[in-house]
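Chains: A, B and C, in written order; residue numbering restarts at 1 for each.
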Amino acid sequence: MFDAPGPRFRRRVFWVSVVSAVVLAGLVALGLRQFAANGQLDPVRWRPYLTWPVWRYLLNGLWSTVVAACATGVLAMAGGLLLALRPNRFTRAYAEVMRTVPVLLLVYVMLFVLPSFGVNLPLFWKLVVPLALSHAASYVVIFRAGVESVDPGQREAGLSLGMPDGVVTRFVVLPQAVRHMTPLLVTQAVSLLKDTSLGYVVSYTELLFNGRVLANYNGLLIQTFIVVAFVYLVVNLALSRLSHRLEARRARTAR
Amino acid sequence: MGRLFVAALLLFVAGCAGGENVVPGVGGGKFAVLLGKAPMYTGQVTPGSAVDRIKKRGKLIIGGSQDAPLLSQLDPTSGELTGFDAYLGKLLAQYIIGSPQTELLSATSETREPLLANGTVDVIIQTYTITPARKERVAFAGPYYQSGQSIAVRRGTSGITKPADLAGKTVIAGANTPAIGAIKAVAPTARVVEFGSDPECLTALKQGRGEAYVQDQAILVADASKDSELQLVGEPFTEDPYGIGIKHGDAEFTKFVNDWLREIGKSGLWQDVWKQTIGTVVTGDAPSPPAIAS
Amino acid sequence: MSLVLEGFLNTVALTLLSFAGALVVGLVVAVLRIVPVPLLRGVGTAYVEVWRNIPLLAWLVLFVFGLPEVGVTMPLFWTAFTAIALYEAAFVAEALRSGVRSVASGQGEAARALGLTVQQSLRHVILPQAGRRVVQPLANIAIALTMATALAGVVGVVDMTRAAQRINLELAQPLLVFTGAGLCYLVMAAGIGFGARVLERRLA
């Protein structure tokens, strides 16, 4: 809706760019100076992160993070699908409640409440089950929106061709719904991967927890957590990029 | 983009290949000497008992810390675990299995009871204070060490010389540790700020997020050994006997571990371990190990 | 009992303040992502991607223990507030941007075709509609933010969850204590949902 940029507008864009570049460079310089003034840019403080043993330890953590995220994802999606396909008062209430209760609180329930009722799961599941319970609610919402995004005419057409209801759902509605849901599913996957950082609380040795142990050992708190944050960033960005590619490919083949 | 994905995949595989946090057999050279002196169990093993299970598995699974200096600290780069608790764990493994094969599962004060109850770990060796309340859920062998809650401040802090001085102050404590109750008992008006781990509490104290830090004396002594900014105030103001946590109701294994503790106490091995760990920062002779109730 | 009150008030205050902060920062970032200056767009995108893809808990730890190391010390509550507000701002920015985008194409072109200037079509056509469309997504972010404040308990702030956990330590009534805490969050979320519906109706 913008006009094609004229000379005056282009000049204005140029000057705004220059000014904001200067401001940005200033901010970065200020931050770096603050870091340097406190000795945080000292090469000695960063060199450990060029060595393999440190990375091996962090990548071990990343692996645990991925395992926990995958287990949670599978459980939560299965639960979400079950609940979404049977919309009734209970499933709706479940989605509403679980979307508002902090996962940390659920983790605490797992840690403190259930053991007194004789339910005592291994550490891994103490992290995965609360995450799955919480994320299942998000998946319900996503799946329902996905199914609703498919034109009802599609289902009617399928039924009028004499296909049984289950077949229509499976072969007509779901494939289209999945295509609509892909971006949301990726956002959810990223959020799930991030939530596994609660392993920090239950001392499941995932990435953030290993970062803490490492920082406690070498005393390089800032450096360790910046590196850990960077690993999360790379993994999650790769995840979203991957989905963009898949989506683009599917858009091509669908035509 | 494809290349990035492959790179990510490679990272995962690499991480996978690294494997579990299995602690390699023997500690530093000096610990190897202790290991040479360590006793080994030669008596009968009841089939199906905890000892039998551990022997068949070939390693002892311990719930403990990875980040407690002098007690149980992991060198993340070498996978080496050192400290008083860690060495006792290895010696116990030596006693049962005949080799110091242990695996450390990271536990916190919030997770260790569940870990024991469902059999994820064989024992908890983690500055685990024996209390009547805990005894209802956990069996304890020991005590193997006598400690107490102590107060630490930043060097140069004035106005805190005894526990009652904590009144009205902001005091840092580990989440879900006995320190919280201990603070409330001596200074009900103190404001408690909790952090999840000892190093976090320590960092918080140094950054001025509280005026004092209450923690087990052994841990504080170890912290102070690494950090000259930290200063201990007075003697411990509670008495906390540390025990080895065992699954509730397993009287046989509890007696087994107690017998072992008595044996290493008598032979002087206990004192040797103390000298190599806590004794490196605490001056004076090794204390005598606490008496073990039958 | 004072602990319950302290925890509850801290959670409410942290939620309200962080959300206000997230709205302000998120609005700025959304504008950055929309303006026709490539550099600023890049900055906006980078902000959103960096904040969104790193766990809040990592941000909190980095802020609480990291900032003092570079000479910036704030009280715990305000450190947690800053981290949560900046984190949620990324989500707010995305909600605002997609709100504007959902109207912009067709409606915006129509307004321009009728001879309205860019400013006029923004002011009279796009923003009012976008405003209505972003209420629900923003309410969802506010609810997510309420949940996120629980993480502040991990870095020392006595929030609802931390208070519940500490009370449980004393009372040993886990079921009661945690159900109560859960209900508090439910009530807050219901309040947000109600407010959003009222606001939506007002804007309609």
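Basically, a contact is a pair of C-beta atoms (placed from the backbone, for glycine too) under 8 Å apart; a residue touches a chain by one contact, two chains touch by 3 or more.
Here the structure is a predicted model, which means the values were calculated and not measured.
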Most contacted chain pair (by C-beta pair count): A-C
Innermost chain, where centres are averages of C-alpha coordinates: A
Between subunit B and subunit C, centroid-to-centroid distance (C-alpha), Å: 40
Centre distance in Å when subunit A and subunit B are each reduced to the mean of their C-alpha atoms: 35
Centre-of-Cα separation between subunit C and subunit A, whole angstrom: 17
Sequence positions of subunit C contacting 2 or more other chains: 65, 154, 165
Interface hub residues of subunit A, defined as touching at least two other chains: 112, 200-201, 212, 221
Contacts with 2+ other chains: residues of subunit B: 196, 200, 203
Complex contact set, residues of subunit A against subunit C: 1-3, 5, 13, 16-17, 20-21, 24, 34-35, 37-38, 40, 97, 99-105, 108-109, 112-113, 116, 190, 194-195, 197-198, 200-201, 208, 211-212, 221-222, 225-226, 228-229, 232-233, 236-237, 240
Subunit A-touching residues of subunit C, taken from the complex the two chains share: 35-40, 43, 49-50, 52-59, 61-62, 65-66, 69-72, 104-105, 108-109, 111-112, 118, 121, 143, 146-151, 153-154, 161, 164-165, 168, 174-175, 178, 181-182, 185-186, 188-190
Subunit A-facing residues of subunit B, complex: 1-2, 4-5, 8, 11-12, 14-16, 18-19, 21, 66-67, 73-78, 105-108, 110-111, 113-115, 117-118, 120, 196-197, 199-200, 203
Touching residues (chain side subunit A, partner subunit B) in the complex: 51, 53-54, 56-57, 59-63, 66, 111-112, 115, 120-123, 126, 200-205, 209-210, 212-217, 221, 234-235, 238, 241-242, 245
Residues on subunit B engaged by subunit C in the complex (per definition of touch): 175-176, 180-181, 193-196, 200, 203-204, 207-209
